[in-house]
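Before anything else, here is the set of structures, which you'll find just below.
Two complexes, one shared chain (chain A), two partners (chain B, chain C).
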Partner chain A sequence: MLKSILSGDFPRSRILSIMLVLTFIGLAVAPFMLSGARPLNTAATICIFIVLVASYDLLLGYTGIVSFAHTMFYGIGAYGVGLALDAMGPSWWAVFTGLASALALALVLALMIGLFSLRVRAIFYAMITLAVASAFAILASQLSDFTGGEDGKTFKVPEILSPGFKLIEAEIFGRSIDGKLLTYYLVFTACLLLFLFMLRVVNSPFGRVLQAIRENDFRAEALGYRTVVYRTLANCLAALIAALAGALMALWLRYVGPKTFLSFEVMTDILLIVVIGGMGTLYGAVVGAALFIFAQNYLQSLMAEASEALAGVPILAQAVHPDRWMLWLGILFVLSVYFFPTGIVGKLRNRK
Partner chain B sequence: MTTAVVPEHPVLSTHGLTIRFGGHVAVNNVSAEFRPGTLTAIVGPNGAGKTTYFNLMSGQLPATSGSVRLFGEDVTDLGAPQRTKRGIGRAFQLTNLFPNLSVIENVRLAVQSQAGMGLNMVSLWSRHVELMERAEHYLHRVAMADQRDEIVGTLPHGNKRKLEVAILLALEPQILMFDEPTAGMSVDEVPVILELIHQIKAQGDKTILLVEHKMDVVRSLADRIIVLHNGFLVADGDPTEVMSSPIVQEAYLGTGVADHV
Partner chain C sequence: MSEPNVSAAVSPAPTFSEALPKIPMDWAPLLLVPVLALLMLPLVGSFPTWVTLTIAGLAMGMMIFIMASGLTLVFGLMDVLNFGHGAFVSVGAFAATLVLLPLRGWVEADSVLLNLGVVGLAIVVAMLVTGVLGWAFERLIVMPVYGQHLKQILITMGGMIVAEQMITVIWGPEQIPLPLPETFRGALIFGDAAIEKYRLIAVAVGLAVFVTMFLVLNRTKIGLLIRAGVENGEMVEALGYRIRRLFVGVFVAGSALAGLGGVMWGLYKETLTAAMGSEIMVMVFIVIIIGGLGSVGGCFLGAVLVALVANYTGFLIPKLALASNILLMVAILLWRPQGLYAVVKR
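So, the complex of A and B:
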């Protein structure tokens, strides 16, 4: 049963298993354990980033494709749902229409980028995706009548997902069953299913071909696999899942904007998480996203407290000032790459 | 075993096949036909163009001019995957494997391609027992069943060469191209591979092309010898005839390969 759910891909490390189980339980009960908007926001972001990063790892870690267009697909999903809800009003029909058009657009773009450029050398492919993604981001900001420009757009979501909605009057474990909670569980469930789906894909016959292409595309061709077809399919799959992640994030935030969904910072976050967690293993996305998003959200406040506590000590208080949090995140990243070049998961699996 | 192919018809042929790398013509206007049930040895000094000729036939390299016909169809414009699908299989001279995957996974990838299952995204790779069993069968044939789960990158050279052959067999091709299959193998590994090639030949329906420097091997296996020299086909025919012809004595045996004899 478990074997089938996890597609036979077990963590293969006791510490990793514990980390994964804790992350799963933590995310599953988050709304009941934590009060306030911020912790729940962190939990939802972790869920969505696990899926976003795992779908990127399908390309980078499994197939060996370097793409910088992943945020574009994430943005397409978000804008699709967001703009449809904005234009058509808060109905499920709008969500569905927006999502369907976003998925169609993502598919067409991924197919085109794939067929035109996956034949060329990896470095050119990376450049092309970078160019297309930048053009798309600029376009989204320029078309401000339609997209809300730099400021983006806030919109209403279907009633059942809106914060004011109450499913039942009673509270459960001291938590009212409101729209925010329902949205959280929509996000959580969708992300869980998408993750398990990807786990299945990488452990399917198709997934092994992707790994073979990463290892030696010349030989994969000699075995009869048309690598362009496989690469393009991987590209489309990753793009569709990224778009779904974007749609979930838009529903969660009830907002779309270029900074949150299309900026290059999101792309670097994805890259950092893949590398920290470990390339070529989807569990790396789970561990990496959980740690990274947590650090991103709490490092600053932790540092503020530390800074206050160290108020008397001259240099230290300065060093841990909240304004330096990016510096510390950078240092953490460099250290983690230095000490775990195969990522956290690679490191844990190799300890024997 | 029966095949639809009448032995008189070549399954594979090249017509004026040529490839130019910059100013260098590595294979120059080579025409030859290969018939089922035969084993053709392709010999020639280092750099003669033997591997390049193979690459042109199996689609790893595009021809500058000339054509390749496979089972009566012009495949000159098709890539390697399409030609593999039509029944041509390669074992490479420089081992060319998937280094971070296990031995069984390497063979399994060939079995899966042959079975046309590569696009299946939803079933578990490990659940396809019949494919796994076929992969194991081919590992047995090259005497590598004990190395089943080892990571290929860590194997000794001789084992990598044997794995090359297992992968070729797993493709179940009609045309098998071996490029110096025993080079760099230890003395006890060589007979395993030669015996295998012998068995495939004995089946009588496969077409085998073999690049080989060791003349004793060529003599014991080949029905026919083709000699390449500087990209040209300089001799083609019966082994004893070819080996004694003046052009071969000069072109081949005169260039320091004689010590392989």
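So, the complex of A and C:
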């Protein structure tokens, strides 16, 4: 049972298993355990980032492709749903139209970029995706009549998902069953299914070919696998899942804007999470995303205190300023690429 | 220049030009720039506007070239693509403030000599700082991952994040205004066409860098070794040259050029942010892809083309300005998949 759910890919480390189970339980009961908007927001962001990062890991960790266009697909999903809901009013029909057109656009773009540049080397692909993604981000903020420009757009979601909606009057475990809760569980379930689906993909023969390409593309080609086709397929799959994650995020936030969905900061966040969590294993995405988002939301207040305590010391006070936490993460990132390229998960698995 | 004399002195042997037929010069990409500029003249409509646009494009192109040249050379020689190159641009610009802000009096003085002196000093300081930083970067960040592309991309990105954050730690998170020296301000009027002085300066500096690089690469022994290293590094090593030293030297020079580019770019924008380098990097990447990875001449042409196209479309169809770069890149790659001047190596 568990084997078929996890597609035979077990965590293979006791500590890792405990961490995963804790994350799962924590996310599953988050709305009942915690009160207030901020913890729930953190939990939903963790869910979505697990999927987003895992889909990026399909490219980076499993296939060995560096793409900087992942936020573009994330943004396409979000903008698709957001703009459709904004234009057609809050109905499920709008959600599905928006989602379908976003997925179609993501697929076409991924296919085009892939066929255009995946034939050549990794570096080329990285540069082209960087260029295309930044052009897309600027386009999205310039077409302000259509996308709301820099400010983005807020929109209404279907009634069931809106915060004012009450499914039943009574409270369960001291928590009213409102639209926000339903949205959370929609996000949670969708993310869980997507994650298990990706686990299935990477442990299928298709996933094995991707890993073969990562290890030695020349050899994979010699064995008779058309690496361009496999790379392009992986690229399209990752793009579609990223678009789905974006759509979920848009439904959760009831807002789309370039800063949240298309900015380069999101891309560096994804990159940091994948590498620190562990490349080439989807569990790395879970551990990495959970730790990262948690730290992003709570560690910064800790740093603020440290900064105040060090107020007299010139450079050091600046260095522990909460806005500078990327500095420490960047250093951690560089160190982890050197000393433990398999990330937290690889470290835990090798402890035995 | 002296070749004919040499061959005349040893006249019995067949002249070298006969023995080694020269590779025919590839003219087609060179024609792109003038053809593009002339085609745009009727579209823009008025001649003065066209002159202004073209000079602005050239100036922009030169600044991008200065920033991109180091990157493409480093890639050609060492097969390392430094995604953190943008950080050197920012560091260069910020290092210039170390000179320009304390010596504000010189900057505001209405004297060409003082202005040139202070900017020259700023450039020297910026190039020194970025050169040293480049040396450290090569040692600490790049050296352990030679030959591993995936790790290179990741680690240089990480290096860039750290460097950008360090800038905000040292200089603070706010934007820093960087005033243009007094005599560099304003525009020269030729007939109806107004040309900003600073743009002319940028063109001059860019041309100077290009000519210097061209001469060093084609007329000196170091340049010969670099070009040989680009084509076949192992062979250069086998002949007894320490290619590692060459690597470090080129990396330092490339970083210093990025610093120079950063000063020029900072003075052009007149405000500095830590992210200014990574913002311009997209443009730089497009330029070196168009030019052919590793080719300095291609990089020069690519920079001018990209900037001209961006300026013309910015004037004609403003909404398309950034997408125009992508379209240009797609068009060029469809014509020559390896870029304008392919470096035949791998």
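The rule is simple: the second predicted complex is superposed on the first by the 313 of 352 C-alpha atoms of A that agree within 3 Å, B and C clash if a C-alpha of one lies under 4 Å from a C-alpha of the other, contacts with A are read in each partner's own complex, and residues count from 1 in each chain.
As a convention for this text, contacts are C-beta pairs under 8 Å (C-beta built on N, C-alpha and C of every residue); 3 or more make two chains touch, one makes a residue touch a chain.
On a predicted model such as this, the values are computed, not experimentally measured, just so you know.
*Asks:* Check whether A:Arg219 is in contact with chain B, with chain C, with both or with neither, and answer first, second, both or neither.
*Replies:* Only chain B; A:Arg219 stays clear of chain C.
*Asks:* Quick one: classify A:Tyr230 as touching chain B (first), chain C (second), both or neither.
*Replies:* first
*Asks:* Check whether A:Gln142 is in contact with chain B, with chain C, with both or with neither, and answer first, second, both or neither.
*Replies:* After superposing on A, A:Gln142 lies in contact with chain C but is clear of chain B.
*Asks:* I want to verify the contact counts: of chain B and chain C, which reaches more residues of chain A?
*Replies:* Of chain B and chain C, the partner in contact with more residues of chain A is C.
*Asks:* If you stack the two complexes on chain A, which partner ends up touching A:Gly8: first (chain B), second (chain C), both, or neither?
*Replies:* The answer is first: A:Gly8 touches chain B but not chain C.
*Asks:* Once the structures are superposed on A, label A:Leu130 by its partner contacts, choosing first (chain B), second (chain C), both or neither.
*Replies:* second
*Asks:* Just to be sure I read the superposition right, which of the two partners does A:Pro341 touch: chain B = first, chain C = second, or both, or neither?
*Replies:* So A:Pro341 only meets chain C here.
*Asks:* After superposition on the shared chain, which partner residues are touched by A:Ile168: those of chain B (first), chain C (second), both, or neither?
*Replies:* Neither: A:Ile168 stays clear of chain B and chain C.
*Asks:* Which partner does A:Phe206 contact after superposing on A: first (chain B), second (chain C), both, neither?
*Replies:* Only chain B; A:Phe206 stays clear of chain C.
*Asks:* Output the chain A positions appearing in both contact lists, the one against chain B and the one against chain C.
*Replies:* none
*Asks:* Can you tell me which positions in chain C touch chain A when the two form their complex?
*Replies:* Touching chain A: residues 81, 83, 141, 144-145, 149-155, 157-159, 161-162, 165-166, 168-170, 172-173, 278, 281-282, 285-286, 288-289, 293, 319, 322-323, 325-326, 329-330, 333 of chain C.
*Asks:* Within their complex, state which residues of chain A touch chain B.
*Replies:* Touching chain B: residues 4, 7-8, 200-201, 203-209, 211-212, 215-216, 218-227, 230, 233, 237 of chain A.
*Asks:* Per the contact definition, I'd like the list of chain A residues that touch chain C in the complex.
*Replies:* 60, 64, 66, 116, 121-124, 126-128, 130-132, 134-135, 138-139, 142-143, 264, 268, 271, 275, 315, 318-319, 323-324, 326-327, 329-331, 333-334, 337-338, 341
*Asks:* Going by the contact rule set out above, which residues of chain B touch chain A in the complex?
*Replies:* 58, 60, 79-82, 84-85, 90, 92, 96-101, 105, 108-110, 112-114, 117-126, 128, 167, 171
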